């Protein structure tokens, strides 16, 4: 890899989970649009076929829209091959199959626990972590061996625990986790400003925030547009809309509408706590005590968001597979459009070709004063040459601390449980989760055992 | 006050809540038995009559059992009079009446929340704190004015929040909170050793413990008798008794039997977490998520402990009042016997007449590394001349931390809410309590409002 | 003040020390060049005449070079008048006169202590702090009363202690301290890269650094140009030049040559500690134990830097006064040129018209993990809408910590001594300074007393 | 080992440095006097002969004074043999010979650095640490292998760095360092009370102190006798004696008189800082900046203490060897008398046969809030069954912090340098020592190199 005249050439990116539909295509599109960087992307996936198809799609981009083919796509047979000498490693995997996810999301429903996502916190997030972290151990060790100086971007959930596991196994790793939930909140705040002040076309990056918390339960300590303090405006907005909800135009793809919400959870949290909760309502709801927003399907409906079923995910997958067929057959052309993700911009900054501040998930080294050092937290960070330095935000305010520390404590336990293969510790954490606390001990035990049993194919490293 | 030949004379003790039956009589008895100290006790109570009767009882002790009347008892008309120049201040008050307590304990039952005590954590503890802390502000200011160098011993619940409030108002105060729950656990462990090893008559002080946590949710990191590690023995014991319970001989006073338990909660916590929970099961249950041990009256019964109703407290009070009548009329003689409390021993050590280590509640100044500085925690402390120095215990273990930080976060919020008269912050804390988290937000709000309404006579300083 | 179409109008800047020659003219020039901002600058100075002349110069800028006169300059009779409703407060004062500075710098020479600057650390810096901090108390209180939401930029030395004093008096103040020493180091590193790699015209901002330490004893944990790690290159450079020095082209103004150095101290520190010391050699030398680089005038010469005498400062002042006369008389036109300072850029970012990361001095809220919280430290910070958020840099490395904590400890003591008017504590700090430690206690006392006596006109608030 | 009827039998003590004259004889005497403990002592020494003679002396005690021979003494050929299954490990070694010590103490004198002891801080302490710590690594590993649950008592200097090294190599070790300097201070304070208040025969243990700092630079935050605050009395005493010194009765052994002092350093530090420095003046002087009390031999004399030359140590050794010959030949009987050390009392408490609080050196786990976690510090600790728990003392006061952190920073660097065999880091630490800071860099380098060269026989593990 070298940089000349402000352009970096010969970059090697290893993509773990290279058969991915969403994230991989986003990256391909963003890479194609970025003229200052070029190189090779090595796709690795335990399921090789989709990686081969993705490479084919990626390599076809050179012909699209007259764009120069700056990037070549390869498929790696082994993790080592992908990682060897990589400058960047991108991880976006599906740990297990949708059938394991079905257990994560739906088994707890038998016990009255409804999860809107089921991949971050709650029983689903914890069990998912137990099967994902051992995979992350393999990756962390692979990175240490093959590309210890590479920067690693994680997109997989449970974000916090996956990123934490990388650092636990290889403490010198240069890894961070990325999530677009804060971006969506910025977009929402831009709409709020349009509605209340009539300012149009605010770019989401121009909503300046102090970000604090943990992934999917992130908060804004401050939010500004230029010199405008958004908090009092948002307060008025919430007072108007919190009870009725703010209805967006429905997504063109009807299957995506399940991800839309009326922002009622977000607004309720603001009115109660005075800080802007900065993630989708589906995620925020899961981070709160179970009875608040997820008491029952009716309660969920009342709060204006939806439960994402695994059947629904299958339907979405079906759509993606169809689209992929068309890309491959040439029936449809892969369309370049900004993904809204920042991975490519981050890589560019890390290469020293631009600097900026955005939010990431990294181990606490002082950025949040009242959370434990080392725990993975989400704050802003300054991106520049070979550096991602978290920005301080001080203490979490008392009530936000009280809600957040619950998760930090549980997540720290789950990661420790996973790397030490200690299911007793895992169960201690499981019982303490704000969703599971709705159960008595007998129920909690039964649920845990059932979820472990359901996913045991991916838990063979534990002493079950 | 002066010390000569190892005897301290001229000590002044201010007793706030001087009409108290239990704690005041305990102190009188212990003082009478301690030959190295003498002086005057000033009883102050907003309800003066019982203080007058207690003074009468106290002054009669000189004639009992041929004991020398080392102590004279007076009644103070004002707080200032009691505090002026005091060497020690003892606080044991009933904040409000049993009717406020009825609301604390029983109103939540309408919403399915059963509290075994209701004065520490949970909805009852929080509302009780809201009316008690303003009283503690008055005391802290009075101490600053009248006896800033006095040592202050708090016995009132909610222990943690009362003690915290004293320091919040008067940061230089020399105060600590005392509780006998760890002592009871030491006695239980002595019985365990007798049962398992046949060692008889172990004194509870000889069970050496590293104490950690918060009051009524205190844990032992280690426990030894001489060189014997109690943990493996206790483990065997728990494996034998956890499911069936360990039944003590019933208390002579049948009214006290409600305080007895089968130690099943304590043993269950040990088997699950590996550390000895060191408080009565009634208290431990309240500190855990609501569904674990307090799901319903049947659940409570199954776990072998009892709910203490306020009617029951009335019955106990009736017994005490009868006893007091007899003391006053001379029908019965006040009986000197060691109370099992350590207040007098602590005073003696603080005067430099002996040193020892015991557990107390004090602001964290390093004794527990992973709890916030300043929060009131329970650990051992070294008592000696004018010094009560907490003993370090390091980090709380992960699962104990996860369970404890919940309460620390809530308690810090409640104390802040009380001193700033901020009921919104109080409600934020209320919602976050592990018992209240069983409710949805509508229920939580309704419960909070009702409990505030029920006790509003004592909450006039808030903007209700 | 309002912002429209990306332009802020109606800004009010209060300039304390408004008669300043260097800093005020820099600001005037930079403001004139910044088209996105306009408003009024209120100059306040206890010596009013120079402020009047500066206003005259400032108001004449509108006619220069065809620039639009975006800014109007006024003179305030009182501090209150200047501060009332200000959006920004700039502080650059001379505390006392050059005669006090003569004592600061030259009195210690009698005892063999040579100071190259004498305004930051060492006996000079400490005595200067004692007379400056009471002035800063007045300012902090004035800001609280008149413009509590203003952002405050401090340029006065001792930077760390002045900024700390602002926060000690008014903890909610939004203040930071700015210094260009890191910028000079970036420029030097750009030259190093040119020399070693042949890359020309690197802008100093493009040298990306992780900044850590305290003002005038600041270090770089990392330094990059694009993807080039500067450390190994700098190592080679130092191995070549450390003994002989790197000689710059002499400054056009021969009076400025005393500020030039051969960078030998900086290079020596790098070779010994492995991190880039990032301040001028005159400052670095003062921060080290006295015998290292300031043992004697000969030693100073050997290390390739100069001692700045107060007579020299008088000569420089004379130059400035002449220049001012010419500006006023019209004999010479005030010349607009970028000052190299970032004050205006910072203001713009704070108004939400651009974001960037640069180094500042602010209280530690987690940015440096092993320095005390609250102490003022120098690190990068993210500037954006109404926000200056320090960027984390982790722990200072062991040797840098060892050298730095000395100053932090002394500075914390001096600030406390100044605000409590405690000269005993001040003397404790004085004795502990790395320069003063060369003296025995008798000498240290004599020196302290003499320096206090010399400057007592400005120390009337102390009990001397 | 077992305990019955309050007596522990079958204890195994490993004594590393078993040929020791002072410490080993102290232990033998104290063990003989303690009726509650009995067992076997294994003496190990790289110089076996003195260990054999010591075993002979130890085994002869049974016949003395009609005492029961509770302890049997053995000589171990290997470290492993001594350690295998030990309950306690006592370490008191001479690292190297008196010739290495001659270099430690006297080589710096060429550069004007006078050391009163030369084994703790300063150039002597640092070089001594470099050769001692590798020996401690061997011991720490040996303990891990052979007796991981043993309690380890270290008496060797440099105390702080030796103890730190044990924990660095084997973090789970149960080790603490013991030193009697605080005891001597307690004795001195008892004399002060006798002098000022006429109270006679105060036992040194009855002077109750809050101890804080690092070994040989320990301070008392508070000191009491019963309810008497010693600070104001000591202040009066110091005001009377600080300038003239307090002269003790000369030691019976004229060779010991060099260890006596007039307490002038201690009193000067009190008057300047307001806290009681609690170590011998010889040690305190070394911990302060070099010019304060050790500027020159004349300065030392003026401050009323002495420099301990290595020739003097040879003379003392000669006395001991003579005494040993007489013990062995039977010309003189080994005399039992309390040593004043607490090792045996500590062992007894650890066995659960008594509890007490005394001062020890242990890694900071919260006991001193403003020193780094993990650094070895000296505070009180609570001794009881299998537990030595440091007692919190809060923050070091600002000036004490400023003086102490210097040493902590240097000591942390030296230990790291020793375990990583990094002489560059060692030199960084060396330069930063308060004594060495009197030198310029050329001198410091020359001194370091010369001291390394002088002792290289014991530094073969470094890359010299």
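Each chain carries a letter (A, B, C and D) given by its place in the written order, and its residues are counted from 1.
In this text, contacts are C-beta pairs under 8 Å (C-beta built on N, C-alpha and C of every residue); 3 or more make two chains touch, one makes a residue touch a chain.
Predicted, not measured: the structure shown is a model, and the values here were computed from it.
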item	value
Chain at maximum distance from chain C, centres defined as averaged CA atoms	B
Interchain centroid distance [CA atoms averaged], chain B/chain D, Å	42
Separation of mean Cα positions, chain C and chain B [Å, integer]	55
Residue numbers of chain B (touch at least two other chains)	none
Every chain pair meeting the contact rule	A-B, A-C, B-D, C-D
Chain A contact footprint on chain B (complex, rising order)	268, 272-273, 289-292, 295, 299, 370, 372, 398-399, 401-403, 405-406, 409-410, 412-413, 416, 425, 428-429, 431-432, 434, 437-441, 443
Sites on chain D touched by chain B in the complex	1, 3, 8, 208, 210, 222, 224-229, 351-353, 355-357, 365-369, 373, 380, 382, 384-387, 389-394
